[in-house]
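Sharing a structure here in structure tokens format.
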């Protein structure tokens, strides 16, 4: 285990460095941000002044050198937009995203696994058809649709919950509900598919033939073997949430990392983009390590 | 997740004749599952629209009528193309949906097929080969998962000319990791099984083992993910096209129609609703059809589609 | 006006005795479309920053009041001393939020900081580019401001200059803005809200609104919903399709002008007949009340009707597609390559329904025979096409842009958009350069006349571009407030102007 973790940590660190270098050089290929920060009618002198102030006139290698030397002290530079350290802006936003992601994925995992397994138990039955239908509709419907309709219905018309913003528990209901739907639909389908295969397999049939009536046992045994693809997809969806749920953040005013990333990319705020990618990459890399460990736990035959 | 190797093929215990042609057999099995049948019909309709739509309806779909904008749907006195309403420039929504099918299918099918093929191949390699190759491929997947698709799109826009092909490339790249990781996970599990080890002992080549034994096990999950990815790609495409990277107006896709209708959700709901409905129906159909195929192709489950319901007792 | 102790004390007493409930009612919640990058007074010309800071936290030296023209604010009077120098007499008895007194030194420091080179201030970059400003402190409440080259409209320029205390650092933006305005800055929870509360020692009348909270929501439907449910009181900027409730929704001219910038350097756009054909091909009236809001005006010049120099005699080009086709044929007969592929460039999110507008324009141009294609770009890419330096291999282009000038004089727009060296200008016309220079240097009625003539020259004689619309904005206001948006609402939201019903 230790050597596995050790090798993995090194490999991940190398990939992280590679990612940063890649993003650094590629993002600077996308042009000069000066025009985005100054009004169109700014004079040429102001533009030059701006470039000098933010070190944009230095050759790329020099900029990279400065960046790396700051990086070792965990200084990701300052946001051009906000004149505050990029890392501060990212961590503040990431806190919100992390909370949303954790709450949503917890709900998704629990409900999708239970409902998906139940659906698989009676393939083709009424419960199966209905849950499949709703999960597919949810997974393919545009998220801003659901969000705005939900706001109009539950907030403006019925007045049950606030329209948007953060603050109380009530403010979290709609955003989490909207974020919940697509991963729920996808993972439910994967669980269902997996369980159908497992429940049709030899050892389950044997267990039943031997008179093991106890459904939970079959459930648990079957589930254990079905989970491999399921946790892979859970990881994929969690990564998507960690990258930030832009639509939900935008509509409900949650200042998460998704909106920050998009705004920073469009505004060419390079330091924030890099800092944000770094933070989410660390989270995703760690998550993938945990998933790989989980594979080995679920199926002891797996060796790396 | 096992489906083969230690089972007995089911016999069609039927009161009907064994059908002779495979095509008829397929049709009969399709008819057994009514939902799958209608799903297939719908998909054929979509494909027909994709192929012939622009040819037949391009003119009607682009004819603007500013004073007739946001025409409400279900006005049956008008030309049938207006039954789903008119868009913000007075163009008939139904015609636009039909014409948009071509671009939508091209982008979505292209991106999903590419990511499915590349991701699965890399995942199979990662699962089956030595630790070093596997480590490199998996870390590559990690890097892709952390690279924001918007940034990739902006970079591609700057470095290459804007085109639909580049849009497909960007979308495909961002979806590779899920197929890669899923197929690799399956390979890790399956390669330790008895039948694989038996095959190895018997001298089967790696390629044979992977394609004949492992891939069929992995395939159903991958197909399920792919069908849902279709919807995701259709919607994600619109948020990239606004950058100027792929579909430029007056070209249109369903995803673009949905996102362009966003400001009107409360006033002209049909602008987003009908294209969104078509996306949902396409996803539903793909999924139902893939579930049907899974049952039809699986010798263990196939009986569900072959046995006729007895009418008497 | 003297600072009235007793009145303020009485109000303070009243608010505390009357209880928290009363204080709650005198709070206003404003929901803005995007959050503020910095809360820095010298950046207040950016509209989202201006809406929070301008005249609420930091005040300007003079002020343009819609309907009354240039009015005193921190300066009570001014006079032209000649040679580019104006003498401003400053208001007495004014204090900053940190308690220090307002004197000429603060004005001098603010000007130096805003136009200096240690930080890049939006106000400095936008209004003072190419102008060297020096100050001379005569006494505590009198200051001489000199501009080189001489600016006849210096007092008008001073309506953009926000004043901060002389202790404000020259080399960085502030996190806690301090000014002389009726409200102090409490805090900024980044991504969530900004809170202001009233300043007891304000020199002017005590406002009815005692505190304010600013929220941020990108989606117009959500902003509208928030005012509808009472979660917010004012949404100063909502989309036309969300402005459905006449009881709460107001339309106002928002000083934005939409036009197509024509690149005169590349054929066939260098032929005046082709440019005229472009103008005649557009059915402007068809947009009003359909794709664009009712109340949108057809434009003949870069600045809205309320601006000095607006030429009311100019007629917008009518819709005459037949004449447009004729013109193209005439030009073709003379060898002009009228069927070259022209690129029409638009910017996503530029204004409400921009995509529909561009697609409709494309159709109209194609109908008269132009070989045109549409490209919609995001901001950065669009900027490359809009401002110099232009790409060498660009081909003939039309760039759709929106320009905002609520500052009372065309000088803020004309050089950039029409001079041969102007950053966004597609025109190289020495006569036009002379006309702009002459109008810039003139004063009074002569100035008005010269600007009018310049607009006529651009619109009728050289057909400089395709002028389209003066735009309308929408606000939603909770009925418990008495507030009506004006042309200035695009760039500022003075809380002191709000009262309760």
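As written, the chain order gives the labels A, B and C, with residue 1 at the start of each chain.
Note that a contact is a pair of C-beta atoms (placed from the backbone, for glycine too) under 8 Å apart; a residue touches a chain by one contact, two chains touch by 3 or more.
All of these numbers come straight from a predicted model, not from anything done at the bench.
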Determine, using the mean of C-alpha atoms as each chain's centre, which chain is farthest from chain C.
-> B
Looking only at C-beta pairs in contact, point me to the busier pair out of B-C and A-C.
-> A-C
Chain centre separation (chain A, chain B; CA means) in Å = 22
Geometric centre distance via CA averages, chain C-chain B, whole Å = 48
So how far apart, in whole Å, are chain A and chain C when each is placed at the average of its C-alpha atoms?
-> 39
Residue numbers in chain A touching 2 or more other chains?
-> 30-31, 144, 148, 152, 266
Residues of chain B that touch at least two other chains are 157, 265-266
For chain C, what residues touch not just one other chain but two or more?
-> 221, 378, 381
Within the complex, chain C is touched by chain B residues 62, 64, 66-67, 69, 88-89, 157, 162, 242-244, 248-250, 260, 263-268
In their complex, what parts of chain C are in touch with chain B?
-> 220-221, 239, 241-242, 244, 283, 286-287, 290-291, 348, 352-353, 355-356, 358-360, 362-363, 373-378, 381
Within the complex, which stretch of chain A touches chain B?
-> 7, 11-12, 14-15, 18-19, 22-23, 26-27, 29-31, 123-124, 129, 132-133, 136-137, 139-142, 144-145, 148-149, 152, 182, 185-186, 189-190, 193-194, 196-198, 200-202, 225-226, 228-229, 232-233, 235-236, 239, 243, 261-262, 265-266, 273, 277, 280-281, 284-285, 288, 295, 299, 301-304
Could you pull out which chain B residues touch chain A in their complex?
-> 1-3, 6-7, 35, 131, 135, 138-140, 142-143, 145-148, 150-151, 154-155, 157-159, 177-178, 181-182, 185-186, 188-189, 192-193, 220-221, 224-225, 228, 230-232, 235, 258-259, 262, 265-266, 272, 276, 279-280, 282-284, 287, 291, 294, 298, 300-301, 304
The chain A residues in contact with chain C across the complex are 30-31, 33, 35-46, 49-50, 53, 81-83, 89, 92-93, 96, 144, 148, 151-152, 155-156, 159, 162-166, 250-253, 255, 259, 266-268
